[in-house]
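Each chain gets a letter, A, B, C, D, E and F, in the order it is written, and its residues are counted from 1.
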Amino acid sequence: MSPSSLPNAKFFNVTTPAPFVAHVEINRPSKMNAFCAPMWIELKGIFDHLSTDPDLRCIVLSGAGDRAFTAGLDVQEASQSSTLGGSGPGDTARKATSVRRHILELQDAVSSVARCEKPVIALVHGITFGLGIDLSTACDIRMAETNTKFSVKEVDIGLAADVGTLSRLPKVAGGLTSWVKEITLSARVFSAEEALKNNFVSRVVSGKAELIKQGIELAKYISTKSPVAVQGTKNILDAAWGRTVEDNLNYTAVWNAAMIQSTDVSRAMLSGLQKKTPTFEKL
Amino acid sequence: MSPSSLPNAKFFNVTTPAPFVAHVEINRPSKMNAFCAPMWIELKGIFDHLSTDPDLRCIVLSGAGDRAFTAGLDVQEASQSSTLGGSGPGDTARKATSVRRHILELQDAVSSVARCEKPVIALVHGITFGLGIDLSTACDIRMAETNTKFSVKEVDIGLAADVGTLSRLPKVAGGLTSWVKEITLSARVFSAEEALKNNFVSRVVSGKAELIKQGIELAKYISTKSPVAVQGTKNILDAAWGRTVEDNLNYTAVWNAAMIQSTDVSRAMLSGLQKKTPTFEKL
Amino acid sequence: MSPSSLPNAKFFNVTTPAPFVAHVEINRPSKMNAFCAPMWIELKGIFDHLSTDPDLRCIVLSGAGDRAFTAGLDVQEASQSSTLGGSGPGDTARKATSVRRHILELQDAVSSVARCEKPVIALVHGITFGLGIDLSTACDIRMAETNTKFSVKEVDIGLAADVGTLSRLPKVAGGLTSWVKEITLSARVFSAEEALKNNFVSRVVSGKAELIKQGIELAKYISTKSPVAVQGTKNILDAAWGRTVEDNLNYTAVWNAAMIQSTDVSRAMLSGLQKKTPTFEKL
Amino acid sequence: MSPSSLPNAKFFNVTTPAPFVAHVEINRPSKMNAFCAPMWIELKGIFDHLSTDPDLRCIVLSGAGDRAFTAGLDVQEASQSSTLGGSGPGDTARKATSVRRHILELQDAVSSVARCEKPVIALVHGITFGLGIDLSTACDIRMAETNTKFSVKEVDIGLAADVGTLSRLPKVAGGLTSWVKEITLSARVFSAEEALKNNFVSRVVSGKAELIKQGIELAKYISTKSPVAVQGTKNILDAAWGRTVEDNLNYTAVWNAAMIQSTDVSRAMLSGLQKKTPTFEKL
Amino acid sequence: MSPSSLPNAKFFNVTTPAPFVAHVEINRPSKMNAFCAPMWIELKGIFDHLSTDPDLRCIVLSGAGDRAFTAGLDVQEASQSSTLGGSGPGDTARKATSVRRHILELQDAVSSVARCEKPVIALVHGITFGLGIDLSTACDIRMAETNTKFSVKEVDIGLAADVGTLSRLPKVAGGLTSWVKEITLSARVFSAEEALKNNFVSRVVSGKAELIKQGIELAKYISTKSPVAVQGTKNILDAAWGRTVEDNLNYTAVWNAAMIQSTDVSRAMLSGLQKKTPTFEKL
Amino acid sequence: MSPSSLPNAKFFNVTTPAPFVAHVEINRPSKMNAFCAPMWIELKGIFDHLSTDPDLRCIVLSGAGDRAFTAGLDVQEASQSSTLGGSGPGDTARKATSVRRHILELQDAVSSVARCEKPVIALVHGITFGLGIDLSTACDIRMAETNTKFSVKEVDIGLAADVGTLSRLPKVAGGLTSWVKEITLSARVFSAEEALKNNFVSRVVSGKAELIKQGIELAKYISTKSPVAVQGTKNILDAAWGRTVEDNLNYTAVWNAAMIQSTDVSRAMLSGLQKKTPTFEKL
């Protein structure tokens, strides 16, 4: 039942705390899980792998240690590279080209979480700044520890957030509400309670251990369901954003034309009648 | 003042509890108002009719009996047809074609509620599973009885919801929030209180009788307003989803170019000055 | 530090209560700040000017006097013009053309607030009807005084709201929720508390003086941040609505290709390390 | 091999000149095949039926008699109804509502041709005015007799074409070219040769009999191909218009996920190797 | 019949060579009609005025003198300003902001031609470089003199065309064809014949005088038609680009709901029966 | 001037026939350049590399040998894999998932050509079937040898083309014209002359050697232009498809805000005045 070969990574722990459930842990606690250059590549490698691993059905994402989900970009390291502030060679247009390519690469790493075919649950805790918001908006479900400190921090380092938050926060937090504008324009820290009240997270849990426990419980629960149904639901829902209801209805019909021809339907129905838990083929 | 000919249906009661207000009641209480094949056709027939009936200005939709708004698709019946699970004749592509056509038909029935020119208020109570969510997301306003049990049930029968919920829930419940993903991916039951907190319903009322009463009161109130104004508001608002603000502003200007040339404007203004209730021509 | 030439206007006060902060006050208190014809032109003139004034970084918008943010369109005046109700010359098509042009002009005035490159904070209080909602949805952040009375009033004068509310309310208030439909279809008055609960405003403050104070405080706080970062954040966020995440990510990368090449990044970072408040060049 | 029950219609002949090929003939030659009210309903009935008839794979559409494909709307009849010119009851807004509903119905009839799952080949000849253009733009392929006289005639009766031409001509004739604007703004008559040069038709044939013959030949040829492949090609191509390449690629992958699992692939390949004509199951 | 007050301009002649027809002539022949700074403002002023002048129904646009429609931007002048090459004050981000605002202004001037409610016919001749292409793509119909020399010249001065060509050429010249890419990527000069073959212009005429004559003839012809029909046709067609057929059909129905209620319909029909030329009210 | 490290590939030759010009040759002539599994990966590897190689500015793509550009997918090989016809393990839904992932991968390989930042010129000759069309629609410019035989062949092997043709042909060949529908629905072979007439290619050249020569000449010519200008033009043009003119204008302004701040502008202008050929920094 355990995946044959989980991806290896230096800055992430990938474990399987339960059947069909992977736990990805950002693992650079000495730096508050801040992201250095190799971590982006590892992140994408891991989620691209998990996306199609038939032994997995749901993923939880957290940070190692008690202090932070992630403090965001490792600004110290970034400030020594030429990208931020544009100190590289060439004229402005050439620097801009280089910067744009770099941003697209970082976006692609974060988008690997959003593109992952399986649901991903962000379990955020402690410092969750900048990239921490980018990552959690790329997840499907967000649960927070009581004392989490959130900030869309980018404005504080002189730039508009550019690896996902501004594109996905309106999608996951109820549009361009007054609150969304306030926290993105001011970079002020907000609490778990405020995140819950504004629909950014759906649950607040006291204590990191309990948070991880509840996150894994939910992941296990989702993993008992038909993977055809669960992964189809994620795909269709995400396709709804920025498109019309009519387009999405048609897309849904095309999707289910194949997907409804699965053995999961009869297994699920039969189990429902027999009050048993169904088992489903790998996907 | 009462509509000359309300549509007749076997599985729905259609009444006019107040001037300009229709009450559509799903009427198969012995089966928890679960939908069998003919009900889809009746549903569309009813709402297509009500959509242009000049004697009506607002519609409420509820379920007969105390146990359910609707338990959703009549799974027992559906499991004997060839659509679910794809047991029909032909190869996979041919089955897929048949399944796709069938889904598009069912979607079209549910969409008749969304397309209805008049506002529709869903009054949900008891079991509101699967199709119950599809139907209520196709309505404009949702009010729930305190003990309503909601579930986006489809994942539990092995498929992604395909007749409207996944396309419309992001529209009516604040985007693709953590909560929207959680309830659609897990199929877990949620309460009226949770529905209220997450903006899925705008009112929770204790007792089905009181729910119906308040729903009809709201429908009556809306029916006292200019039907040109009310129906234009519904049309323009729905056109906003999945399109840009700029496109919608232009569409609004084109819409009102004709609609503002109505006698309702002077009648409404005059009544406002005279503190009287205006009357409006039929629409 | 104060802007060299603030725009002059008969019906608006424009002041600079703090460095980089402009306060625009709708100033026709004797008529509850209702809008007469010249006010639309003044409004656009003011916000077009403020949009590119390098001495300003954030704007607050409120109404003069205690009674109203604005009671909306000056209906008395409007009823004497030929637009509403379409009493002008020509056949229906010609009237429609004239009405459409007029609506597009009024929309353009309101959109000047939304297009303003700087964040605009609506501080609403007292009567906030009709155009008051149009204006506040065109702002980025909304804060309300405790006793504010809101109404999407247009249905009460026989027409669908056509200068912005129906296009922007779904964007700023969590989509086409049950609540959004209810208040737009019924024109009923709602309270500040209800506005807060439904994410329309992000803060409720007791007393108009305190509201203005807190609004200016927030504006001052935002003005301490990098204007490149703040104005980029506003631009990118607004471009997210009605478009896909993928399109917005690409747009963001193109935007930041230039904007990240600013001195603000190093200034902000250095100040962060030195625990000082950075200063930024004008923009 | 012949369809069990072809739809019956008063104003259309429906025949099967070859296996899997239907010929729909507009049949009101005494009036130059001009459309009277019942014809719209018949048109939709026929194409809705043909769309899913498993015995059909391609459809040709022509007009009875030598004089016209269709002269368009029966203006004489239309001028006696209340829709054109808006002479019906009620104020402008109420007339507008009635007109809008009527246009949507007529559009829906024309769109039944575009929605038809099978390819439709327009064989146009003689007078092809107004609705004749609407209908032919709703078809997939257009072939014209040498002496065809085309006109987007609506401007000549005082209105913008509203049942399809303005929406589909940019799609089928190379965008909003100078020629497209010229013929739609001026209503001038254009020839088959001009239609060919401007990519509106793909073939010009001398003599109506020869046109019908060649049209049916092409329909027969298309009908020898895999219906899964042909109908999928039509569906995916039409979904490309007004959407991005990225969206269409994803849609295509979802579509083919089921459709490629057909026996047609192995049959087609085997026949290719054996230089035989494959046969395919009905669809 | 002549417009009461045609706009005055230093660098443009505006005349009325025929009833309802305006002729706008770019008038800086000593500089090959190259655009200096004030010309952009004049251009917008003229077309904003003509757009709603009831005495006009069609506009032709040409260049003064024999040598050029326009040689494009006055590069000499532009090279002394700080915009091109970004030599202005401030860091890269601040320069970028200033450049972006400037481009948006120039685009807005060109877009005033596209937004003009009346059809605009570009009569191009001689050198038609850079801005000459931008302007002509913003027109509805393009006719060229035999010896016209076209070039999307911007690549030759080191930049991507940014005031309209790249956005509108795919719309008016058959999508992103091989030819469109070739001429935009290479900046090579192309002839009138090539422009005709590639659907960029719809007519080639020998001699400038004859070109002007034929252009005005076409404008006169279009001006004999119902202005409600003509201007509606332009509006609806332009709304088709970048949107779906379904959206455009709905928009068309809403547009015509008012516009069909014009006296033009009965006048046009009656004149048709009487073989007379109808006259229409001003619009 | 020659790129330091051109990508190595087994099935492709990559050479630099001129400064800044790469020539990619599909190199499996014994199989008519049909694509076997490893070739997709190589293709993507090559174009991802070339996309950002600063020593290159334009790319030509042709096939090795005289017989074919490419005969398309290696059907013999493909028929032995489980993807086509869906003979893999699992139920229909699981097969569909596997097929969908596979199609998305193949699409991604073809899209690497379209995404390549530099212009790509397809030089097609001999058999150009199936994938040959997919590849050439992903290029910017298409030139054909006189005797090229084209076919959108997929319908002949029982499936709708799914790696790019149906999504990009409407973009590069003038929309969904009658001709586009005819060749895609019938899979019939068409000639270079027909391809030229229908705007699919922009030049027909006699003899493969001459074709390659002219292709390289054009590539060299484009490479003399500012790479900032050329690559910006490609990016902005491609962003126009499926989006509105207004969105594209705004995107263009943001793009050029940085890109116009290049030294290329002054170099190009100066060279223009001096009638010299400018040189540009690498990009």
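Methods note: a contact is a pair of C-beta atoms (placed from the backbone, for glycine too) under 8 Å apart; a residue touches a chain by one contact, two chains touch by 3 or more.
This is a predicted model, so every value here is computed, not measured.
Asks: Stepping chain to touching chain, what's the minimum from chain C to chain F?
Replies: Minimum step count, chain C to chain F: 1.
Asks: Compare the two sides of the chain E and chain F interface and say whether they are made mostly of the same residue numbers, over half shared, or of different ones.
Replies: different
Asks: Check A-D against B-C and say which one is joined by more contacting C-beta pairs.
Replies: Greater number of contacting C-beta pairs: B-C.
Asks: More than half of A-F's contact pairs recur, by residue number, in one of C-F, C-E or D-E. Which one?
Replies: C-E
Asks: Taking each chain's centre as the mean position of its Cα atoms, how many Å separate chain B from chain D?
Replies: Each chain's C-alpha centroid was found; their separation is 34 Å.
Asks: How far is the middle of chain B from the middle of chain F, if each middle is the mean of its Cα atoms, in Å?
Replies: Taking the average C-alpha coordinate of chain B and of chain F, the gap between them is 48 Å.
Asks: By residue number and range, which residues of chain A touch two or more other chains?
Replies: 86, 92, 95-97, 170-171, 174-175, 199, 228, 241-244, 247, 250, 254-255, 257-264
Asks: For the complex, give me every residue of chain B touching chain C.
Replies: 119, 140-143, 170-175, 199-203, 218, 221-222, 225-226, 228-230, 232-238, 240-245, 247-250, 252-269, 272, 278, 280
Asks: So in the complex, the part of chain F that touches chain D is made up of which residues?
Replies: Going through chain F, the ones touching chain D are 75, 79, 83-86, 92, 95-97, 99-100, 103-104, 107, 111, 114, 154-162, 164, 166-171, 174-182, 184-188, 198-199, 241-243.
Asks: Show which residues of chain F lie in contact with chain A when the two form their complex.
Replies: 52, 90-94, 96-97, 101, 228, 231, 258-264, 281-283
Asks: Can you tell me which positions in chain F touch chain C when the two form their complex?
Replies: Within the complex, chain F contacts chain C at residues 239, 243, 247, 250-251, 254-255, 257-258, 261.
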